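Next come the structures, one after another.
Here come two complexes built around chain A, the first alongside chain B, the second alongside chain C.
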Partner chain A sequence: MKLTLPAFVGRIAFSALAALIGAAFALPLLWFVFAPFNARAELGLAIPDPWTLGNFVTVFGNAFAVQALWNSLIQSLGGVILVGAAATLAAYALSRSSLPGKGTITYILLLFSSVVSGSAAMVPIFLIVSAAGLIDTHLAVILTFAGGLLPTAMFILRDFIDSIPKSYEESAMVAGASPVQAFFDVALPVIRPGIVVVVVWSFVNIWGSFLIPFILLRSDDQMPASVAIYSFYSEAGTPIVTLLAAYSLIYSLPVIALYLFVSWKFGFRFFGGIKA
Partner chain B sequence: MASVQFSNVTKTFGEFAAVSDVSFSIGDGEFVCLLGPSGCGKTTSLRMIAGLDTPSSGQVLIGGEDVTHFHPKDRQISMVFQDYALYPHMNLADNIAYPLKVRGKSVSERHGRAREVADVLKIGHLLDRLPSQISGGQQQRTSLARALVYPSQVYLFDEPLSNLDAKLRLEARGFLNHLQRDMGMTAVYVTHDQAEAMALATRIAVMDQGRIVQYASPIEIYRRPATTFVANFVGNPPMNLVAVDAVQGDGQLQLRADGVTLAGLAMSSGIGTALGAGKTLTLGIRPEHLGIAEPGAANTISGKLFANENMGPESLVTIERADGSRVTARIFTDDHIAIDEAVTLGFASGHVHLFDGAGARIAAEGETAL
Partner chain C sequence: MSNQPTTSGQPKRKVKNFALLSNWAGAVFLTPAGLLVAVFVIVPFFWVIFVSFTNRTLLGSTALNPQFVGLANYLALFDPANFFQRGQFGFSLILTTQFVLASALVGQALLGLLLAWLVQTVPPWVKRITETFVIAAWILPEVVIGFAWFAFLDRDQGTLNALLGSVGLPPGDFLLQQPFWVIVVFNTWRGAAFSMMLFSSAFSSIPPSYFQAADVAGASSWQKFRDIGLPLIRGHIVTDLILITMWTFNTFTPFLLTNGGPSYRTELVSIYNYRVAFNDFQFGKGAAVGVIMMLINLAFALVYLSIGRKKTR
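After this line comes the complex of A and B, so read on.
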């Protein structure tokens, strides 16, 4: 196809503009990739010269920082397992049972969940956790997140399960399966892509959160990475950019890894119903 | 194999009665079709046999045992679902063998049996595939294989052919008929397709608004529809129904309607009773019993041509009467027939059906069961 000159110029101008906007968005990411390997990293973007792993050595030499990564992992996994299991069972029950008013229950829970995870509820949450004697424990963080994320997780999953025909479990039961067998053999594998969505979503939520662990935890050896990042400041309160950059990269790796794993294993697709 | 019995079964959903006070029994080895329009309660009835719905009142018996409150798994039944309900994460072998898995059979026994059944149904070469990787007709046969893989008391079918295209449906229908002859299974088959019911059933239960209107052999349903509803539901095209005014005289019954000339009919006690309730009756004639006739002759209906459809071995000629109602004739001919604007259709008096004012069939004198 032959282009007229004005159209040609227009296209070049459009491409140039798009490239410019793309570059603006890419700069922070480039900094994020380059700075950790730069011994003299500052807030400006610079290509490391020479490339070094020195920043990482320093980070891994910091016992508090490494412990924080473990803490993040413990709290995130604990929360994810609790949210995933409870949301699956609750959503399945809400979807399949003929409970009167089940829609209302879900919406009320959903309404309150946005309060629980918001900062407005921090004082009551602190008081409850304190009364339960759980302050400064992983369990406090895990339970608070589970409570806050569960309603939304249930809501997402219930919608997902609603879209799956009941005839899957019905055919299993007619074939001789008990309701529990039908759930584990037939329903659960079909629901799994929905559960994966909820798991990834809650992992990212817990992994990245700052306020709740910051308030509920006291001692250094309980703090997750999101809080620990704040230890890379000098006495005067200015950030130590080199360490901060290296730690940030390490901190973001699990989320990227999780995304890649899920994408490879499930491709974020699901079976759905079989169309005839 | 076992018999199935419904006694005074009612099922309500809120205010709505899906099935009201239905009683019928299905003999051992019978193939019964529940036939009716959507919402008539046929699927709900089937689900109550399966145990997927529980009757609000009444009892369901399988093999003489009251199973009204049994869980589906304890009923020893198998069922083919309309959407096939194949498990998307299992290959065909595991899908077909699932009933054996929950019965604790070994893997080798499961897969051996699955292969046997699959070979009979000509899907043996597909056992490694996932349900999403096979065609609709193959999915249908897979769900049938899963139902046949273990011995059941009753086989239930919920519109199993409705998702197939016309050609595959005919093929599958023929296979099911063959299977029934071969196995002599007790089967309950839900359909809204009267042709399917006629082809497969040993008895048909025609349902309307949660009740059974007629429960009889296909030939009786066709020849002696109990009500105008049945007459209008069975047959392709269904029976023509014409409202007529009845006049009694000289021991004969004269039926009058615009464009209809009818020889006097012999009076019977049934007609007498019907006339006691009202003078308007319904005349029914099947399209295949109508042919082109001379204008003015006895036993004819005339009107102006509405449509002339060539179906291959037959032509469907539809006329519109003065009051706007239509009458269709199914005329068997190898040639496309040329017809004028004014058409007269004739019939033999032996093919006349009469229904009273409430739509119930008026039995002919000395009529015996078919």
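After this line comes the complex of A and C, so read on.
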């Protein structure tokens, strides 16, 4: 098909506009491409001379920074295991049993999960956690996130399980499997892609979270990396920019890796589609 | 088939009502999730209402033995004498409304719509690069984003002022001079990806023949957008607006850039709630703020779910 001149000019204008907006989005992040590899990085944009990995060595020599990354990992993995397991079981029950009031349960769960946001419920969450004696523990963060992420996780997984034909489990049961066996040996392997989506989504949510650990944790040895980074640049007077730049990049890597994984495997539409 | 009642009639009927999981097993499967959601989502909803009628504090005697104070917390929040003053609830509520209007409904939605329309027609590599940066702004952890903008806006060295200087414009200390517009631009930048992705997938669900027919008739891109694209994705636009309104209303991320300051000028209700409860230690008053936030969330959620229900029926 041949383009007319005005259409051609229009196309170029569209491309230029799209590229311009893309550049505007890239600008605030540009600094992160250079500063982590610059031994004398400041808040200004500068091309490293020479490029170095020295900042990363400094980060891994800082016990507090390493501990915080480790804490992030404990809290995220703990939360992910709970959300993955509990959501799979619950979604399977919502999809495959004929419990009365299933639809109502789902509706109420969705309603509550969108009404009770972290920033609206910070006071009662803090009070519940302190009534349970869990303030300043990993478990507090893990349980709070499990509760908060579960409704959406269950909803995503229920839709996923609904789309799988029942005949898989039925034929297993005709062959003599019990319902529980049919779930673990037949349904579970088929549901796995759905579980992966929910697990990745929960991990990214917990890993990146700030407010909940910020209010529930107090001591340095429980803090996740998000709170550590915030305290590095807000409380420490003049921030140690070199350390912070490299540390922020390390902290972002799992999220970037998971994003690439999901977009390679499923196309990115799934990713964080419904944020808590 | 139906004239063979002895062999196929019986099992067929059974299959129809057959649930793979008995009610008992179903209840067991639901229990772990049910408990977690009950304790950390449903109980907080009711507890916050209860606490909002007490004078509970974080420290001191009222921490252990809070007293019932009726509507005192609500009356303090809505005290007409200082309602609109900086650092008070009314100021914060109006600020949040402006923030939602400017950064979500105008910023994110319009920019998302524009981007979604643009990437339909541009060459794939332009589309790929643009989408990558827009989505990067959305997926990176909020603390990293907060620090990135802190560096970006730095008065002496920041990238933005360097850029302004290179085209001959005067530098500015934007976090001090225009804090509100900083968080508006910040939140637009942070969240535009969601609207872009939603609208992109909506546009790509429109049959290409509609646009081809318009091309034959010599329609311009604007005409195609106005007369074909926009009317056909109306449902998606409503969904998008409700979701980004709720998220922007509840967001705490600007705190990482401005701490609610300078002098309360970026204190959104979420940040106000944090300050009252965890800096001033007034849990009762903080709970009352929480209740009002949840009521507003409830209104949006009911609208959203009722639209969703209509669609599925």
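As a working rule, the second predicted complex is superposed on the first by the 211 of 276 C-alpha atoms of A that agree within 3 Å, B and C clash if a C-alpha of one lies under 4 Å from a C-alpha of the other, contacts with A are read in each partner's own complex, and residues count from 1 in each chain.
To be clear about the criterion, a contact is a pair of C-beta atoms (placed from the backbone, for glycine too) under 8 Å apart; a residue touches a chain by one contact, two chains touch by 3 or more.
Note that this is a predicted model, so its numbers are computed, not measured.
Visitor: Does chain B (first) or chain C (second) touch A:Glu170, or do both, or does neither?
Guide: Both chain B and chain C are touched by A:Glu170.
Visitor: Would you sort A:Ala146 into first (chain B), second (chain C), both or neither based on which partner it touches?
Guide: In the superposition, A:Ala146 touches chain C alone.
Visitor: Looking at A:Asp185, would you say it contacts chain B, chain C, both, or neither? Reply first, second, both or neither.
Guide: Only chain B; A:Asp185 stays clear of chain C.
Visitor: Given the superposition on chain A, which partner contacts more residues in chain A: chain B or chain C?
Guide: After superposition, C is the partner touching more of chain A.
Visitor: Scan A:Trp51 for contacts with chain B and chain C and give back first, second, both or neither.
Guide: neither
Visitor: By the touch definition at the top of the document, which applies to A:Phe8: first (chain B), second (chain C), both, or neither?
Guide: Touch status of A:Phe8: no partner.
Visitor: Considering only touches as defined above, state whether A:Phe261 meets chain B (first), chain C (second), both or neither.
Guide: neither
Visitor: Which chain A residues lie in the overlap of the chain B contact set and the chain C contact set?
Guide: In chain A, positions 170, 173, 271-272 sit in both the chain B and chain C interfaces.
Visitor: Going by the contact rule set out above, which residues of chain A touch chain B in the complex?
Guide: Result: residues 165, 167-168, 170-178, 181, 185-186, 189-190, 271-274, 276 of chain A touch chain B.
Visitor: Okay, in this complex, where on chain A does chain C touch?
Guide: Against chain C, chain A makes touches at 10-11, 14-15, 17-19, 21-32, 35, 42-45, 82, 85-87, 89-90, 92-94, 96-100, 105, 107, 109-128, 143-144, 146-148, 150-151, 154, 166, 169-170, 173, 179-180, 182-183, 204, 207-208, 210-211, 215, 225-227, 229-230, 233-234, 241, 244, 248, 251-252, 255-256, 259, 268-269, 271-272, 275.
Visitor: Which of the residues in chain C end up touching chain A in this complex?
Guide: Listed in rising order, the residues are 15, 17-23, 25-27, 29-30, 32-34, 36-37, 39-45, 47-48, 51, 56, 111, 114-115, 118-119, 121-123, 126-127, 129-152, 154, 156-160, 162-163, 189, 192, 194, 197, 201, 221, 246-247, 250-253, 256, 259, 269-270, 273-274, 277-278, 283, 286-287, 290, 293-294, 297-298, 300-302, 304-305.
Visitor: Can you list the chain B residues touching chain A in their complex?
Guide: Residues of chain B touching chain A: 50-52, 71-73, 75, 77-79, 81-89, 98-99, 101-103, 131-132, 136, 139-140, 143, 146, 150, 156, 163-164.
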